[in-house]
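For reference, chains read A, B, C and D in written order, and residue numbers begin at 1 within each chain.
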Amino acid sequence: MSTLSPEVQVAIARVRDDVAALHAELVRYGLVVWTGGNISGRVPGADLFVIKPSGVGYHDLDPSSLILCTLDGDVVPDTPGSDRSPSSDTAAHAYVYRNMPEVGGVVHTHSTYATAWAARAEAIPCVITAMADEFGGEIPVGPFAIIGDDSIGRGIVETLAGHRSRAVLMRNHGPFTIGRDARDAVKAAVMLEDVARTVHIARQGGALVPIAPEAIDALFERYQNVYGQQPAAGAQ
Amino acid sequence: MSTLSPEVQVAIARVRDDVAALHAELVRYGLVVWTGGNISGRVPGADLFVIKPSGVGYHDLDPSSLILCTLDGDVVPDTPGSDRSPSSDTAAHAYVYRNMPEVGGVVHTHSTYATAWAARAEAIPCVITAMADEFGGEIPVGPFAIIGDDSIGRGIVETLAGHRSRAVLMRNHGPFTIGRDARDAVKAAVMLEDVARTVHIARQGGALVPIAPEAIDALFERYQNVYGQQPAAGAQ
Amino acid sequence: MSTLSPEVQVAIARVRDDVAALHAELVRYGLVVWTGGNISGRVPGADLFVIKPSGVGYHDLDPSSLILCTLDGDVVPDTPGSDRSPSSDTAAHAYVYRNMPEVGGVVHTHSTYATAWAARAEAIPCVITAMADEFGGEIPVGPFAIIGDDSIGRGIVETLAGHRSRAVLMRNHGPFTIGRDARDAVKAAVMLEDVARTVHIARQGGALVPIAPEAIDALFERYQNVYGQQPAAGAQ
Amino acid sequence: MSTLSPEVQVAIARVRDDVAALHAELVRYGLVVWTGGNISGRVPGADLFVIKPSGVGYHDLDPSSLILCTLDGDVVPDTPGSDRSPSSDTAAHAYVYRNMPEVGGVVHTHSTYATAWAARAEAIPCVITAMADEFGGEIPVGPFAIIGDDSIGRGIVETLAGHRSRAVLMRNHGPFTIGRDARDAVKAAVMLEDVARTVHIARQGGALVPIAPEAIDALFERYQNVYGQQPAAGAQ
């Protein structure tokens, strides 16, 4: 830890707090069971990220139980949590951070409806405006990949690089989402499961009505630039 | 605020309290995720309404965080919350209040089952008595409309004006509900999702049995006039 | 109240407590939304029962808000809650108590899956042992009946008299359950929704495997006589 | 109790604590309703196990309410809880403990999706990696068996002996899961319902994509040996 500047140490502490608190959102929205799923957050200004320990329950997570890793996926020794194993998906998170510098957070779950689409290797079509807003089109499918090495990371990056969607359905496995920070990636995981469920149920009842591509473009553009609280925003 | 009478200021405070508390009902009934969805309430005796700020979480809503708007959808300056952007659906709410003077509350969600019917542009048939009671018949579908201008408001008013239903399924988008006040519109949103789910599940299992139109009329008439607590009601 | 013996007054107080507490079970198991659904309990040793007021929310129910009625469905004047209207299903409950002396509790909900079967007027086949245990066979469908007079009560009694099932699916309406007391009727409502959901989902996936009728008989017989805590029961 | 060594008495107390606490997990994950379902745990170093009493609600369970039994399924007299009847599935649990010495915990539920597969007597195909991790392949179906004697226990043992899966779907009844201790068996029950639900929903939407058998083997091998916290584990 002696090689880390005070600024970086403050940044690490903030990411630990955020990532620990965000795990509760996965529980609240029913996206995870038992110890499954994980969130990581990149430390701004350093080649580091913070991630959940492997096989630990959501009730036992606090900032100091999270594990600090380098962008190669190695645990930084002599830091809080470094006596434990990080998430078995750590290599995948690390690969994403190394290859997508704009990404500040990564989330993985086996949420029910998103995983169901993944078990059919079927992209989710964009038929509701909330999905156009958030993802700008369909949710793509990534390749089948074995857990534990770079395969999953490569599949995520190959699928999402240059894609509007912040979510990918890894075939026969489940969703990974990315974001500008950990909160943004968690939001993507929550919204993904919501649209995966709604579109599944819609299609069970009959034929879906498509949204015109230019309407999808307009919705995505507007939501990315106008929705929410901006420094000098007026009424929308 | 200096132009508002004391009576109107009291009315505004009451609507702020009601609308803030009602947002918790959307969470309780699982009708919203993250920051999606919004409730507004008209201020009795004034051309004003109170609405949720844009992109703000449900845990961060209190009466003073809500935003006071004119019936043109403009934020009233120098009032609590006026430094923030109102819901991106504010124009739609304002259009409804301008054109449906009997409406005192408007609710918008992307609740799962109602949105699934909307993604098929399919009205929900009235096959359960609770739906006849509450909505007097089928739940109609409104047009596809881009978010942010009067389009959604016009679609809501065109569909619901003169219709028994207090709910409309905006195509590829989700439900809007209206009511005599914000609580009544929230009740409609809750009951809508309940019937949307039940009728979806019923039809997945086979052919639905219709209810005779005259029975629907009798149920609607009775529920609107007899159910609940009246000033001088006897046993029903 | 002056005509009620002290023993009956004690019994009324106990039923008020039980019925008030049991309403929370309907909420816990997700069987009701908003103010829908109701529970009543017969007062042992008197021609009286206690029932939920009409259109009142589940958070506002306490023992003194419940309403005491005669077996004709009339509110007993000058008793706690007697200034309010009882449930709009009071006539149905009263009819059951008058015509089925062994019944000590009645529950009505619009629980999702049970109501879905009712919207198809389809009995739930007995394909899981928990259903054989609890209901002794299929859950039958009752007739379509208008709300507010004896029609629903007659439909319940005609369907359940002499039937093993303590639950009936009133066509296009929803379930009513009966029991030896209010708790037993609530248990039936909870178990009914559980089996309605499980059997619906099972059939969505393909053909159901039947249970032999003699196995259903054996399961029902055993559960009614051996399950749970008996005064002098040994290990089962 | 005088014949039990102090070591065994300490072990019994620990199993009572664990099994009482684990029942809350069944409620948290929605695997049980009312008094259904049960957990038992073997007492290490003794021919004894601890099990839920029959027909008792989940809110009324504490360590001393659980019942100590021999491996023949007989209640040990003059121990806490011995005045009550143990679970009606006690004979099944005892049979498993007698015949599978590696098993330290047994769980039974009627969880919705697992029971739905059981009502069709259909094994759950292994199409998601989480299922390969946890169960090493498909979830098998056990025979139809009457409740109350050795039939269920025999069906469990015949189906699971030599099988990778720690879960069996007893035909027309529901799942039983086993584990090295009670916590491990509860984890299996939670994960089983999760995969039963996900695979059901996946197949409702169209054809499932299989996972290659050698990939299933690799996933199972890795998860059993590398996932979670090991005494001297490094980053995975």
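Operating definition for what follows: a residue touches a chain if its C-beta (ideal position, glycine included) is under 8 Å from a C-beta of that chain, and two chains touch if they have at least 3 such contacts.
Just so we're clear, the structure is a prediction, and the values are computed from it rather than from any experiment.
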item: Copy-to-copy rotation for chain A and chain D - C-alpha atoms, rounded to a multiple of 5°; value: 90
item: Equivalent interface positions on chain B and chain C, same or different at half; value: different
item: Separation of chain C from chain D, taking each centre as the mean of its C-alpha atoms, in whole Å; value: 32
item: Between chain D and chain B, distance of the C-alpha-averaged centres to the nearest whole Å; value: 46
item: Residues within chain A bordering two or more other chains; value: 204
item: Partner chain B, residues of chain A touching it in the complex; value: 29, 127-130, 133, 187, 190-191, 194, 197-199, 201-202, 204-209, 211, 215, 218-219, 222, 226-230, 233-236
item: Chain D - residues contacting chain C, complex; value: 33-36, 53-56, 69, 73-75, 84-88, 90-91, 110, 112-113, 115-122, 144, 146-148, 171-174, 200, 203-204
